[in-house]
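These notes concern the structure reproduced below.
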């Protein structure tokens, strides 16, 4: 798998030259492989939103480079808009950005800016709508007639319709109820599987990240604290907790069981896995 | 403290749609000083119910009594709202003023409280939510959790008997959520203020006295958290989830392990599993 | 980026100017403007300027900040200067083609420019030393008498202070909406005037809708905190005149009188 995104020594300074100067991200380096499902977790203020806005060229690095498919995205500053079509970014509470008369037109906004027309445009819009679970009847309605969850899907479709190679989602399930959350994450998982694109999920919820991603990047105070597969990250559960972050509740249970003397791998992070581990223990116990 | 009888409420119909009956006959009584969590999926009626408690919405049918006062009585409107304060979901859209102390003073100013008394109430309210150092700060520069605490202070300044939080943690990050929860728990325990928390985060119900589960405009379940969460299948059929601890215990039970479903917290859960896997060792009570 | 605009540029402080009652400052500005427009000779302008600089010293405004306050009106200043310089009849001093510069022109131009500068700097001083909330409080108290003429003074003041409170929030939201639309390829820079205006729709529509939603939610929140209009409302901070207010007002009136007299006496 090739590296679709390479971040090299990225630093971003806000308020340079004023008494409020601070580095939102400092000397960050990591790569994202094509087709990966990456999770980024960190507190408010850890640099998450600054980082993702660099990936699609909304923010310019104070130092360092961002390479998309091997090429520096700022090599031709006038063409930075093209990067935004290839790296799609969905902000938090994206339903607040809807503005068109119909759902169809709103979803089409991105592709039209891209230069798509006619049949290709229609295909992009309809495919995107289907991918997020919107029925075709919804396409002719005004976006403001829809429920909050529906509106969010429209906003998501609007970015997917640009057919980006990388899709970045900032807290896509924020404010949704459990059923809504599960539904949306299922759509996103399907998108990842079927389109084979790269997905980057930014979240506060360790549980949500644990259940969905191949790899986790933990940010703390403008730096990368950890970078690895979920198992590797949660094995350092104590460190995460000490850094003020959370671990999935299941992992906490596993850690608590370990404290009580049971031989449980503390890097367990799904209910299914812990259940199996415990059932195995029971079998072994019975065999004694 | 608050009592409803046969409460029904219908939202007016949108163009070409049917009117939505959000509440279909709710009969509950909230005890003074209790900490009640109301759970339910979106559309279950939980927010609607909350808004009838302080007359933001008036019953279409049935009655709501706040300390004996009928919310339908126009003359008692201000009295009802002074008794039952409300904190909403969006931290920004509750802040009226440019300066924290002015915002907290808003309610007592409306009630015609004399100036020196307002000063005292503002300072006390900010101390109660742990935001005293921000007294002359600009509210829009605060974090979400801090803003919500200012909103809570603004409500406390009215000296209400009850605070209703309508999904007040939904837009906050985990730290902010924790700040708000510990603040209201403290207010409940130290000042005896009745707290009614509307939410869809299951884990916020862990430390409640009582959990009400709303479904389709009615109260589907009503009891202590451990009692309610042990009904795993029922909750799932209503589109809700259970905390992972309970989900794990449920799965283990399905496989024949003898574990109670009422071990809600991480520690309780770990104790219960340990006890089940090591019989004969020191038995820890899990009830 | 947009967040850096501090409307009115209020800077909190503890100077005597800051401590004055806002009503005093508003009245002083009114008197100041009247005096400024009655000033005729350079002597009277000098007097006004001197007073202004005394106030500047008292309020500890930096000279840089003051000059920055003039930036928005540079064009007006230049325009006025040019207009007066070239189009005032009088004794010709210099001629370039059909453009004549007269002695009266120079004198007028100088005075008009001075007037504008002093005007802007004076009002700048007001907003520099008085927080928006104090200003609206002060205005509300001053205009209270109009209530008898069915002018909704309290409601207007409340509207103003809420609008001021929401400016930074709405600016933040505009930023967010702009970023979101840019992420979908929106282009706010290129194109002619018409195209640029059209490009604003994806920002203005969501912003307006959001503003209405906020207003609705805020109104409900206010009612839940027992808001019921201006009747029976008390205030956390009660405005009270102190000795320094009387002193400031009297000095202001005296100086204004002096300036007007100078004008009358054609000095």
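Note that the chains take the letters A, B and C in the order they are written out, and that residue 1 is the start of every chain.
Note that a contact is a pair of C-beta atoms (placed from the backbone, for glycine too) under 8 Å apart; a residue touches a chain by one contact, two chains touch by 3 or more.
Small disclaimer: the values here were computed from a predicted structure and weren't measured.
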For the pairs A-C and A-B, output the one whose chains share more C-beta pairs in contact.
A-B
Remotest chain, chain B as reference, centres from CA atoms
C
Round to the nearest whole Å and give the separation of the Cα centres of chain A and chain C.
45
Whole-Å gap separating chain A and chain B, where each centre is the average of the chain's CA atoms
30
Within chain C, the set of residues that touch 2 or more other chains is none
So, in the complex, the side of chain A touching chain C is made of residues 53, 56, 58, 81, 84-85, 88-91, 94, 96-99, 109-110, 113-114, 144, 158-159, 162
Which residues of chain C touch chain B in their complex?
131-133, 161-162, 164-165, 168-169, 172, 213-214, 217-218, 220-228, 232-238
State the interface residues of chain B toward chain A in the complex, per the touch definition above.
14, 41-42, 143, 170-171, 173-175, 200, 202-203, 239-241, 243-245, 247-248, 251-252, 255, 257, 266-267, 269-271, 273-274, 277-278
Interfacial residue positions of chain C with respect to chain A in the complex:
173, 176-177, 179-187, 201-202, 205-206, 209-210
Taking the touch rule as given, give the residues of chain B at its contact with chain C in the complex, in rising order.
54, 56, 78, 81-82, 85-86, 88, 90, 92-99, 101-102, 105-115, 118-119, 122, 138, 140, 154-155, 158
